[in-house]
Amino acid sequence: MALPAVIDFLEREFPQIHHGGRSYHLEAVGPLSARMRMDHHERHLRPGGTVSGPAMMALADLALYAAILANIGPVGLAVTTSLNFNFLRKPGTTGLVGEARLLKLGRRLAVGEVLIRARDAEDVVCHATGTYSIPPGR
Amino acid sequence: MALPAVIDFLEREFPQIHHGGRSYHLEAVGPLSARMRMDHHERHLRPGGTVSGPAMMALADLALYAAILANIGPVGLAVTTSLNFNFLRKPGTTGLVGEARLLKLGRRLAVGEVLIRARDAEDVVCHATGTYSIPPGR
Amino acid sequence: MALPAVIDFLEREFPQIHHGGRSYHLEAVGPLSARMRMDHHERHLRPGGTVSGPAMMALADLALYAAILANIGPVGLAVTTSLNFNFLRKPGTTGLVGEARLLKLGRRLAVGEVLIRARDAEDVVCHATGTYSIPPGR
Amino acid sequence: MALPAVIDFLEREFPQIHHGGRSYHLEAVGPLSARMRMDHHERHLRPGGTVSGPAMMALADLALYAAILANIGPVGLAVTTSLNFNFLRKPGTTGLVGEARLLKLGRRLAVGEVLIRARDAEDVVCHATGTYSIPPGR
């Protein structure tokens, strides 16, 4: 699937991610990869002027899901089976970018990692890995 | 800290978790433990009539954080350093309950696990583990 | 499978785990559970008189594998797809016991956790979770 | 520390990793990185002609530990606090190479990832992340 098709699919299937204000934007998809942006929003704030863990976790999950969609098509029922996060630095009150890369895209299982950085910054603020079960009979 | 004090602290320090509608409720705290409830809310929905991964991830993180608060006092700056999730079953469109238990509460590091179940159900829908860095000089 | 059958299967299929000296012993299996003991052995030592991480990781993996075998039969080709470990305390130079419990035993995927303790001690020294892919057509 | 100093330190502090036959070799260290090779050895074998999970887990742990040593000096008591593994493909009966990269090297905590590949192959067979507690007063 090309970028507009993946964006359409996410809009249609996951409208709830925009609840309280549009914040997640798919910027690019490629071979085994996707880049998702999260604009800063007041609901993502936490004490000390940082971004909440759950906001970053949603970003990572969406970025991996978009990478899978782009590479195998609209598998609306692909299911997240595990997610692991290491939170490395406080990102500050800024937009974030998640770069997803699939390490494996098998018939039954996809596995990938995501590096989350503040916009226009080098340091990784969160590293995530995720596994997704792909429904049989695809 | 007793239950009302932990609830007050969370209300004051984390008002954003209620953005879009109040859903997370701390039900109990005890020695190395806490129980957090998440009422069903439309913003937690996902295709197929299930609860979003990020909603469960926020529930686990909050339950562990409440268990730490209850057992070492108001450490507003305790920081989540890692979270791991296994998603086991679809919970359906129902409220969820996260039972957090601390496996270690050291001077620098707390580690715990959370079992998330649908209300009034036995099966675990999500298992989480988390580690938290405790600021020095406490 | 009953305990002797699981022990026989492991002996036959995984003789290499005894390389350098017999150390892993399956003590019990039950509904969704298994208990594996690791006797102390010089090859498991690490600086400071503690047990190596990899020795504990092997113990956890074996305990979960035994729990799966006992509950679904001899699936020699069940494959470990992920393992997560939190190392909580130094165990000292002692034997260890891993108590495995399956949180999910589906047609395609099994997920479980293991609590590792020093023999005759209460504190958990290592917590592990693992996921296993079960071959189709079983 | 330069490569020979790290190798000497590992030989002195971790002689047990060679129990049953020398197999792990540190090939390179650099800024926030290290590369560790594991030669094939009969004790690493598993059914189906593949390499055991624990052998890969030991490789990942050692590679990250070497990367920390090379970048902060001989901290013999740095402690592994967590390790997460995704097993992606069967490596076959071959030597493996683990490329470790530190994502964070703070005063109290180091976090890194390791990509394990079969020698002379592109595909990642195992992805690992690890966190290490660095003793205070270093």
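Structure notes:
The letters A, B, C and D name the chains in turn, as written, and every chain counts its residues from 1.
Keep this in mind: a contact is a pair of C-beta atoms (placed from the backbone, for glycine too) under 8 Å apart; a residue touches a chain by one contact, two chains touch by 3 or more.
Not measured: the values here are computed from a predicted model.
When the C-beta pairs in contact are tallied for A-B and for A-D, the bigger tally goes to A-B. With centres computed as the average of Cα coordinates, no chain lies farther from chain C than A.
For the pair chain A and chain B, the distance between C-alpha centroids works out to 22 Å. Centroids built from CA atoms put chain D at 28 Å from chain A.
Each of residues 81-82, 84, 86, 131 in chain B touches at least two other chains.
Within the complex formed with chain B, the chain D residues making contact are 81-82, 84, 108-109, 131, 133, 136.
Residues 84, 86, 88-89, 103-104, 111, 113, 124, 127, 129, 131 of chain B are the ones that touch chain C when the two sit in their complex.
Residue ranges of chain B in contact with chain A, taken from their complex: 13-14, 16-17, 19-20, 42-48, 52-54, 57-58, 61, 76-77, 79-87, 90.
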